[in-house]
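Shared between the two complexes below is chain A, which pairs with chain B and chain C, respectively.
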Partner chain A sequence: MRTSLRIFFLGGLTSYRALFHWLTPWILIPTFVVGPIFQLLFFAYVGRAAGVGDDTFYLIGNAVELASIPCLFAMGNTIGNERYTQTLGLLLASPARRLPLFLGRALPVVVNGFAVSFLVLVLGALVLHVSIPVAAWAPLVAVLAVCAFSCTGLGLASAALALRVRETAVLSNIIMGVLIVFCGVNVAVSALPAWMQSVAQVLPLTHGIEAARELVAGASWAAVMPLVRDEALIGVVYGAIGMAMLFFFERESRRHATLELA
Partner chain B sequence: MSTLRLVAVGWWLQLKMRSRSSFDGLLSIVYPMFFATTIFFMYRENGDEAALVSAAVGASCMGVWSAVSTTASTTLQGERRQGTLELLVGSPTSFSLVIVPATVSMATIGLWSLVATLLWGRVVFGIPISFDQPLVFVVAALVLAFSLGLVGFLQAVSSVRYRSAWALGSLFEFPVWLICGFLVPLSILPDWVRPISWLLPPTWGVAAVRDAALGGNAWPDIALCLLTGAAYAVIGVVLARRLVDSARVNATLALT
Partner chain C sequence: MPVIEVEALTRRYTTRTGFRRRTRKDVEAVRGISFEVGRGELFGLLGPNGAGKTTTIKMLITLLLPTSGSARVLGHDVVAEPREVRRRIGYVFGGDKGLYERLSGLDNLRYFAELYGVPAREQGPRIGELLELVGLTGRERERVEGYSRGMRQRLHIARGLLHRPDVLFLDEPSIGIDPVGARELRQTVASLTSQGTTVLLTTHYMFEADELCDRIAVIAGGLIVAEGTPAELKSRVADGHVVEIEVFDGVGDRLDAVRAIPGVTSVGVEDGGHSQLLVVRTDAAATVTPAVLGRLDGLALGRVATREPTLEDAYVELVRQA
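Our next item is the complex of A and B:
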């Protein structure tokens, strides 16, 4: 038990610091601060030009969605980069239990995703002069944390593919695009075609964004609780799928000796 | 004549190399289309068809900049990784004449995205795009791509000493989309932003493409797009010379 906890906390943190590769200020600030703020400003101004939505709508949608940058890319890197550092074989040959080994890598990613979302929410509110009710901040923080968790679940599933394919960054970009279009980030889910609304219901962030918007509009925590619960549940399901994929691809790569060939 | 041949052969070679990766090709077309799709939904909500058509033209140009912004910053890093940077610097040919075709080829790939986005808008969203001046539209799109290639050249040489150059490249993607009138009219941006927009070739290039598509005199904008693009190229040439000389003197060409 103690070993598993060490692998989960220390192993996860060490892997994140060693393999994410984005923790230098030269990457961190442009990617996690400046880029996200400009994404928010872009859509807020497009909304103004198109005459739809208001700044609050775009602030909430983009702040929640931008957690996906670390949640998708960091998860991909912390597993995919094992191959580049030629430690994937060593890692998978070790007797360490897989559950704490891989889930431990997800924990710093959840924290990172939450931090990006929170930062964009605060800076975006200042830049766009959006006023968020004081009472809404505490539940909003909880929603951001749940969204970062659920998106990391999706990131884990996407990262599992790093055991099979090389281009995890391309995959992460495409998944991020899907989230932007489907999850009600800049267009209300109700304005999407029916089939897209159905897809949105099984993606992370959709319920979280809706909950966050309702909170800012004055809803109570109890009122948005079902949405937050669904968001967390979706995260658990994607996380479980990701773990199952990791087990499957690991076993397949051992059987076919394809660990270094992807 | 030999210079033109060098640029043409370099451009074609780079274009072929960049077209080899199906992953990159897919990303350069699909990634901007996610944003275009979002924008089409946003404008469709508004119900103003003229605004939707104008947005479709602007959104189609976004992919050209996407194709340049990130990749241009990593051009020299890529050459360094392949071990060809020293060969390029050591050759008697001007270093700039080797790099410009590479960045222009990136913008050329972005033209696929322009066509794909217009088709996407037409087929999936039923946006009725009819080109008022088809030939001028083609000229404007080519000039836009060429000028963005020249901006990419300046970006490439500026980031030669920057190990994490790709992050710098992605940093510029949204700001340029925002302030160059791709979708947001300059008139609704803060006053202090407009002079910055005027210094950027895409501002004129996108205006030219829009004029050619929707009716209007595109030629002044085409000329300004070329002019500002040329200014970036001149700055890039001077900078390239200084940075390469510095790297040779300090023996840091391969060390950053």
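Our next item is the complex of A and C:
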């Protein structure tokens, strides 16, 4: 138990440092700060010019959505890159419990995703002169954290798949595209075709973005609670799918040598 | 009780190639091998590339299921009780991959110490001890991406020993490191067995197997073609001599003629860049040498020498027959 806890917390952080190769200021600041702010401004100004939506709408949508950059790419790296370093065989030859081994890698990613969202929210609010009610900040921060969590769940599922198909970035890019279109980031979910609305219900971020917008509009925590709960649940489901896939691939790899171990 | 028991072990790989028209191809990588390794023994699996060494090791360390047959390590079945096996064994492979480049050597070791459940307060002293053993003390805080090949290999060894495994599997550990490094590595390995660790080592270097191993199994084409102590394997070819002739022209079309000489047991050619070395095994060197020279008449010849057979000759012979 103690060993598993250490693997979850310490091991997870070590893997994140070891395998997320964006962890240098030259990549980190442009990808997690500069790029995201440009994305936010782009949509906010398009919205202003077209006379649809207000700045707050875009600020919330993009701040939450941008957590997906680390949630997908960092998660993909910290699991998928085991193949490139050829350390996967060593991991799987170890007696370590797989649940803390892989799940522990998600924790730093959640923190990373949350940090990006929070930074975009604060910087974006300053740049666009959006004022968020003081009372809304605390629950808003909680929603950002839950969204970073749920998106990391999806990231884990995608990373598991990436381990098998040997390509993390392609998949992460596609999923990012899906999220930005389907989850009500820049276009309200209600304005989407019906089938897209259905898809949005089973994606992370949709419920969280809705909850965040309601909070800024003055709703109470109790009022958005069901949305936040659904958001978290979606994260748990994707995370479980990801872990199940990792277990399955390991088993299958022992049988069919499919993970090309070392 | 033997530490490693392998019985009629086989492994087949099925590969599928092609996108539209999928074709299936089966490779019989290991075709029914059996051997036992006792406690504290240094056992060598010696064979050419593709012989099935890595496949065998992967089955023993629980990364790969056997197609048929069985294997037990320290009494635990590798299929039924993988975790019991994993806890007690160490695994090191050659080459410079398999390390986290962005981390320091120390962090690499710490990470695997966690994975193997080395208690927190023992980690520091154990890592210090191992860094000392493999000669990396003082370099442990540098990132691995700056390590030389030899340093990486030594870090690998330290990693494999963190949890004091009873059995250590070394898959071609000296591949790609310089002769001095390889010698140090052999000394390290030898010192392990003197402390009671059982080692199964694969290699395609004869002298390495000869120098290190208590017992060797020669594996070729997925089968064990010979097994014994280095001395026993040598004695199989002890009677007889080896005649080596350096040839500067193509020798290919004369080989059959040389083979036909009475008293010649086998003929091989080793490419030496600007010349070729004709290696003739015989049980009557005195009469065969002139006959061979006769068959090579007209070719530019260099050094001609007669010597005792080595383990390498035994190995080449065994592998060729397989």
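The rule is short, and it goes like this: the second predicted complex is superposed on the first by the 260 of 262 C-alpha atoms of A that agree within 3 Å, B and C clash if a C-alpha of one lies under 4 Å from a C-alpha of the other, contacts with A are read in each partner's own complex, and residues count from 1 in each chain.
Assume contacts are C-beta pairs under 8 Å (C-beta built on N, C-alpha and C of every residue); 3 or more make two chains touch, one makes a residue touch a chain.
Model, not experiment: these values are computed from the prediction.
Clash-free side-by-side placement of chain B and chain C is the outcome of superposition onto chain A. Of the two partner chains placed around the shared chain by superposition, chain C is the only one that A:A257 touches, whereas chain B remains out of contact. Contact with chain C, but none with chain B, is seen for A:R6 once the two complexes are overlaid on the shared chain. By the touch criterion defined above, A:G89 reaches chain C but does not reach chain B. Shared-chain residue A:A223: touches no atom of chain B or chain C. In the superposed pair of complexes, A:T31 makes contact with chain B only, with no contact to chain C. Between the C-alpha centres of chain B and chain C, as viewed from that of chain A after superposition on chain A, lies an angle of 90 degrees, to the nearest 10. Applying the stated contact rule after C-alpha superposition, one finds that A:T14 touches chain C and leaves chain B untouched.
When the two structures are aligned on the shared chain, A:R48 is found in touch with chain B, with no touch to chain C.
After superposing the two complexes on their shared chain, the closest approach between C-alpha atoms of chain B and chain C is 12 Å. Those residues of chain C lying in contact with chain A across their complex are 13-14, 58, 61-65, 83, 86-87, 89, 91, 93, 97-103, 107, 110-112, 114-117, 120, 159. By the touch criterion stated above, chain A contacts chain C in their complex at residues 3, 6-7, 10-11, 14-15, 17-19, 21, 23, 85-87, 89-96, 101, 253-257, 261-262. Per the touch definition, chain A reaches chain B in the complex via residues 22, 24, 26-27, 30-31, 34-35, 38-39, 41-43, 45-53, 167, 170, 173-174, 176-178, 180-181, 185-187, 191-192.
Considering their complex, residues 23-24, 26-27, 30-31, 33-35, 37-39, 41-43, 45-46, 48, 51, 55, 162-164, 167-168, 170-171, 173-175, 177-178, 183-185, 188-189 of chain B touch chain A.
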